[in-house]
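The data blocks that follow each hold one structure.
Shared chain: subunit A. Partners: subunit B in the first complex, subunit C in the second.
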Partner chain A sequence: MTRGSFAAADAALAAYDGPFGEAEAAHLLRRTSFGGTRDERREIVELGPTRAAIDRTSPPDDESAYARVLDALAPLASADTLEISQSIWLTRMLRDPRPFRELLTLFWHGHFATSVTKVGRTRLLVKQVDMLRELGQGPFGELVTAISRDPAMIVWLDGNANRRHHPNENYARELMELFTLGVGNYTEDDVLEAARAFTGWHEHNGRHRFNAHEHDEGAKTLLGRSGALGGEDVIAACLEQPACGRFVGGKLFRFFVHPHPDDALIEAVGARYRESGYDTLALVRTLVGSRAFYSPEARRSIVKSPVLLAVGAARSLSLRPDTTELADRLSGLGQSLYAPPSVKGWDGGRTWLNAATLIGRANLAAELARRAAGQPVEELFGSAPADHVQALNDALLDGDAPRPLVEALRRDSLDLPTCLRAMLSVPEAQLS
Partner chain B sequence: MSGLTRRDLIRSAAAMQMLGLLPGSALRAAALAGVPGAAETVLVVVQLSGGNDGLNTVVPWADDAYHRARPVLSVSPGAVLKLTDHVGLHPALAALQPVWEEGDLGVVQGVGYPDPNRSHFRSMEIWHTARTDDAPPTRGWLGEVAGGFGSGGALPTARVGARDLPLALAGAPSQVPAIGSLGDFVIESSGGLSASSERQLLSTACTRTEGRSGEAAFIAEAYAAAFDCARRLEEIGKSGTAGFPNGGMGRSLDLASQLIGARLGSRVLYVTQGGYDTHAGQNRSHPTLLRELGNSLAAFQEQLVRQGDADRVVTLVFSEFGRRIHENASGGTDHGAGNPVLLLGRPVAGGVTGHIPALDGAVDRDVPMSTDFRSVYVTLLDWLGAPAGRAVPGQFDRLPLLT
Partner chain C sequence: MHLTPVVLGLAFLLPAPPPAADDALSALLPEGRLAEVHVPSGKAVWDSELGRRIHTLLEDQGAFDELQDGLAALRMVTGSDPTRLIELVLGGELELGVYPTVRKNSDKPDMRNRKVLAVARTGDADGLALAMNALDAVLAASPDAKVKNGRHRKQPFLRFDDASLARVDDMLLFATDQHLLTGALDRWLDGASDVVATPFEGLASFELDTRLFRAKDIALLRTPTRKLLGKRLANPLANLLFGGLTVGEGTLHGTLTGSGEEIELDVCLPPVPDDAPRAWFPPEPATTTAMPVTPDTLAVLSLRRDLADWWRNRETYMPDGAQPALAKADQNMALIFAGQSPAEDVFGQASTEMALIVDRQRFEGGPAVPDVRLPAFCLVTPLRDPAQFTPTLSVAFQTLMGVINTDRAQNSKAPFLLDTVPHEGIGVRAAQLLAGAGSGGMGEPAAIDFNFSPAVAVVDGWALVGTSAEQVRRLVSALHAGEMTEARGVLSAHIDAERVLDALEDNRGALIAQEMLDDGLGPEEAAAEVDGLLGLVAGVHSVAGSLTRQDDCLHADFDLVLNDISP
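And now, the complex of A and B:
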């Protein structure tokens, strides 16, 4: 990396001060809020890019209506079934007036990927995700400490089998490989020693329990530290590594900005993240307010996950889909909430797409279109073909729908559901 | 039916089909005209989830210790469908007898891995990743090679009959499709247009690459392949299949036969049957599961012959572990170790291979492992033309399981 590439990286992370119209607002809404309505786009244009980035990542001024939604959901939460829990989380994503917190929670769910398939108890997964929601915006170190004590995580990565005389390295390995440092930034000895430091971090009756009797109090050496290290020391040692900033900061960049940052950019993002004390909210605000964020290579560069696709469409069009049915469809498309495919989470990008999931995405679009009847979208987008073709094009595709499609929809005066389905199926609609 | 075996009948049916004398075949031939991949090998994996009781599947009927260990559950020698002087099939697998007689059923005894793990999850993970070390289980043995089946087909690898992706298929460069039923490929309507008009509109909207670049162009191409796939499956669905039993296993293998018949470039199809965790009252459930399995596999073989694909398809049947030699006090069996795997298909060298010892005092509680499952895997991967060394770390002997 050259001095020039570092300068370019700093410039890429500088606050964006270019043109800021509805297309830019729509881009910001897709990346911070799943998507947004025409009113939300116009509101944001008024704010300008810097204030808009802060606004969309802050709690709303008035949460009373959303609080009533959450109150109504509360009795269901005790059900402890996967279907209901998925449905509740989708409802949060659909109804939260500032769904950034749900989007970031989804990011962390993919990062600390834990699945009910092994954990068995859905309520433990729900509690884990509640914790990710509560701590996800703050210092990453607190999040890692909490996840290390999280009952679902302990079950998932065999914490109870990690005992003084029989260390089990499953959690220690994933902590370094997948949660903080990435491959190549630690040694096998580091893993073994870290496993010893986490001995006795057990789960009992759905709660974390430190079992002092099974904790190895002996001296350990890892990542340049020595002493009678405990799990907290391992976490601190991992976060001290520049690799941690690069690994986690880089992943945030690829989720929020675009999938192909160069090494200098990752270095710059990592340094900022680490030097801020791993302040996740501050980093995300920098990212979604940056020049890199509004660059041509960032626009429509990310293949939407099934959840992003569905929630984004519903929010953009003010649709109220049946969340139980939606959860089922999303599982079919490869994204079952609370059940990521492995500890590595969802691979994302093009791996979402195959013959079956593309047909499934086009069919998800049909389902949302069928549900549009009688919903506010009809009033918002008008029933005259000339009106709704343009309105849907603006709402879903920033006015960039393929010409042949627009012509076909206009020529045949197709109804709103048909137009909606087609616009929501096109390749561009799969991209954020 | 003197002298005329069921297989002869099937063979003549296949010949009739080749001559265009069976209903449906003309339709299928039209659907397949000019389609490549009709000669490529196909592996169908059938996973029995829960730990199938191998001793009551391939029964060591001549071993007194087996009968002593299982006063309630043992199958009497008279009821066993004898394969050799030592072992035979559970009577619920009677449908497989013709397959055996044709030399198309291979049984490998005592398959497992060193230091058996009795956790369903962990043991399945070992079978799925083909590794016993504690590397992060992020890639499966079949996912690892899924990107290499480059004949251009839309469905080189697929999960069939359900939508959950087993770890065995994880790690592919593009997520492996999970196909619950043919219905998953039916393009739904949004209500305003006829089905064909709406499909035409979608094709206009989604599949053109002109004017698109980057990810959008990639998706447009993938859409074109997906719609083509849907069209072919619709055609093949019209010609129908017959003889599959009701139930999940029958439906899954029926769908697998249709996918193979549709010439979508399929090389690996993955099917599962659950319910094998028989800790209690095993005689109430296990024979039923085996009957569904045997009837479905036999119907699958017959259908492959009928549609002219029998020479290129091998089916592997495995479970994450076997069960203990001794039955428990609840009329069931607990988690064990070594277990038989079954191989079916014309390319299979029929017979019983592998080895289990006499189940007397020399053997403690489990059937020991004598053949590493990864030897079975590498043998099958070689046959598929897939890079076995990539999918299965380490060195494992090839076995003479195929002709």
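And now, the complex of A and C:
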């Protein structure tokens, strides 16, 4: 990396000061809010890029209506079934007036991937995701500490088997490899020593319990630290490493901005993240207000995950899907909430698309079209549109639908559900 | 909207008069019908309590808004009022026939597509003539209507698309197939012109020829007829409940009557032959059996079955595809019952009389009250040899709970604690979750698992196997106190709608949440939907039904008692 590349990276992270019209607003909404309606686009155009980035990542002034939604859903929370829990989370994504917090929670769910398939108790997974939602915007160190004590994570990575005389390395290894540092930034000895430091961090009756009898109080040395280290010391040591900022900050960049940052850009992102005390919200605001974010390279550069595709379409049209059925479809498309495929989370990117999932995505579009057919058209667009092809193009593709498609839909005078299916099936709809 | 499913649906909502006399309106219906529905007075149906409730329900849902708008628009465009025609047709005597279509190049009936002939006698030939003139005007003003005038043996009729319409005297004939209409006209012209009103005084009657309903593709009729209720149902529970219902062949007929708040449906199914399978039709006991109930019982489902014969001959009663799962179930039961024969030593111990008692739960004295409150279920049956079976049941319960606890432990869930709870001199074997993780407190709701505290007991020669220790204790008390309800026939059910309402209201919050998830509604909209449902249930006092074997038919009766909701 040269001095020039560092300067270019800094410039890419500088606040965007270019034109900010509906196209830019739509791009910001896709990345921070699953998508948005035309009214929302117009609202944030007025704010300009910097204030818009802050606005979309801040809670709204009045959340009382959303609080009523959450209160009404509470009686089913005790059902403790995967289907209902998935359904409730999707409902939150659809109804949260500032869905950024759900988007970021989904990011952390993929980062600290924990699956109900092994944990068994859905309730523990729901509590873990609640914790990710609560702490996800704050300092990353607090989040890592909480996840290290999280009962679902302890069950998932065999924390109860991590005992003084028989350390289990599973959590220590993933903490370094997948949660904080990335491969190549720690040694095998670091993992062994970290495992010893986490001995006794157990789960009991759905709660974290520090079992002092099973904790190894001996001296350990890892990542440049020595002493009678405990789990908190391991976390602090990981966060001290420049690799942590690069690894986690880079992952946030790929999720929110575009999938192909160069090394200098990742270095710059990592440095900012670490220097801010790993303030996640501050970094995300920097990223989604940056020149890199609005660069041509970033526009429609990310393949939408099934959840992003479905929730985005539903939010853009104020659709009211059956979320239990939707969760089932999303599982079929490879994104089962509370059940990522492995501790690595979802691979994402182009792996979302293959012959089977493309058919599944078309079926998802058909199901959303069916739901749209059952709702008044005014509910979908705010008012009855004179031209539903154009209205759908605006709502779903920000006006970017391929011209031949728009012309064909108009020429054949196809009904709204058919047009909706067609719009959601084009490549542009699969990209954020 | 497709008319035929509606008509067939009506056929099941409404129900069999004695066979129609030759001079009845049905004389106009050509032969070969699958089903026939007769309504002596449409007005009487709409004026009945049931009709009023349905009308109110439809009105509340805005079902008439579109119709009213359409009629108003027609009045403006044509200057004619089509309302009179609707009143005449729906208020008079109605006869409806459902027919199979015939496959092309074949004589075989096509069960996938049906055709319908309806005859409405208005009793007002002049009024009908005027109304038809109005209809003519409406059709003439409709640019899209492809109406053609036709004549059959000098009798005029209208034809639009596949449907045909004709007026003869005070009768309106409508058919979805022109041949059906001309067939009816032939019958009228050939001597059925002096048909008189059928003397039947109920709300409606119907008749179906079950022999014509074997085709698997009659979706609407699949459930209540041979395909699902036939001799070899694959689902064991459905097989046990409904198996044998259509062992007889012939016609099915029924009547719907209404008196004040009580609506009764009587159906006469084809009679059961003498050699009907013993599992489904065991010999009737010498005395009527009664089943225990508690003050919280919301439903009782009683059954007369020979379980031992059913299980012993399961290869005969259930299809080949179900056999592997049944063999596995047999093995598992043998394991739980310590190697005893499920057919002989377990099912063979139950008498032929049994019931499923469903109770609202109160959760008194339990470790936690779950947010979602499910009803409790208990299977009760008199035993053939209580002294022998009591220890068997107790040990099997212990083994079963051990298996369940092992599975729960593998999923990191708290176990059930087994105990014997003395109650009125009886030892109730019960398993209860301990208060602890998931039992609520610390801002957490209690888990749904706390609805279950499985229990078994043997009392006065009866075996009780239930999902709730609280319910089993109450049923022990009911048996001691003789609080019983009569079990009628081979199958009977009684639902106390007021108790059901209580159970639903216990879960109002959960129902609202479920509605939000299913329909994407907001809390207020979902609450309105749920309250609408609760309002509907509140309008019902009880629902009861039974199936009784008689010499001339298998008699089914359903009794719906509504609550008086007049202000």
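Throughout what follows, the second predicted complex is superposed on the first by the 420 of 432 C-alpha atoms of A that agree within 3 Å, B and C clash if a C-alpha of one lies under 4 Å from a C-alpha of the other, contacts with A are read in each partner's own complex, and residues count from 1 in each chain.
Just so we're on the same page, a contact is a pair of C-beta atoms (placed from the backbone, for glycine too) under 8 Å apart; a residue touches a chain by one contact, two chains touch by 3 or more.
Since we're looking at a predicted model, the values are computed, not measured.
Once the two complexes are laid over each other on the shared chain, residue contacts for A:A355 go to subunit B alone; subunit C is not touched.
Annotation for subunit A, partner touching more residues between subunit B and subunit C: B. In the superposition on chain A, A:G332 makes contact with subunit B only, not with subunit C. Of the two partner chains, subunit B is the only one that A:N170 touches; subunit C does not reach it. In the superposed model, A:R320 lies in contact with subunit C only, and not with subunit B. Applying the stated contact rule after C-alpha superposition, one finds that A:S64 touches neither subunit B nor subunit C. Contact with subunit C, but none with subunit B, is seen for A:T91 once the two complexes are overlaid on the shared chain.
When both complexes are overlaid on chain A, the residue A:T2 reaches neither subunit B nor subunit C. Applying the stated contact rule after C-alpha superposition, one finds that A:L76 touches subunit C and leaves subunit B untouched.
By the document's definition of touching, of the two partners only subunit C reaches A:G206; subunit B does not. Listing the residues of subunit C that touch subunit A in their complex gives 370-372, 410-414, 436-438, 444-449, 507, 509-510, 512-514, 516-523, 526-527. Interface of subunit B with subunit A (complex): residues 121, 134, 136-138, 154-155, 158, 163-165, 167, 170, 172-180, 184-185, 187-193, 198, 201-202, 204-206, 208, 211-212, 214-220, 222-223, 225-227, 229-230. Residue ranges of subunit A in contact with subunit C, taken from their complex: 68-69, 71-81, 84, 87-88, 91, 94, 119-121, 123, 155, 205-207, 319-324, 371. Residue ranges of subunit A in contact with subunit B, taken from their complex: 117-118, 169-170, 173-174, 177-178, 300-301, 303, 331-332, 334, 336, 341-344, 347, 350-360, 362-363, 365-367, 369-370, 402-405, 408-409, 414-415, 417-418, 420-423, 425-428, 430-431.
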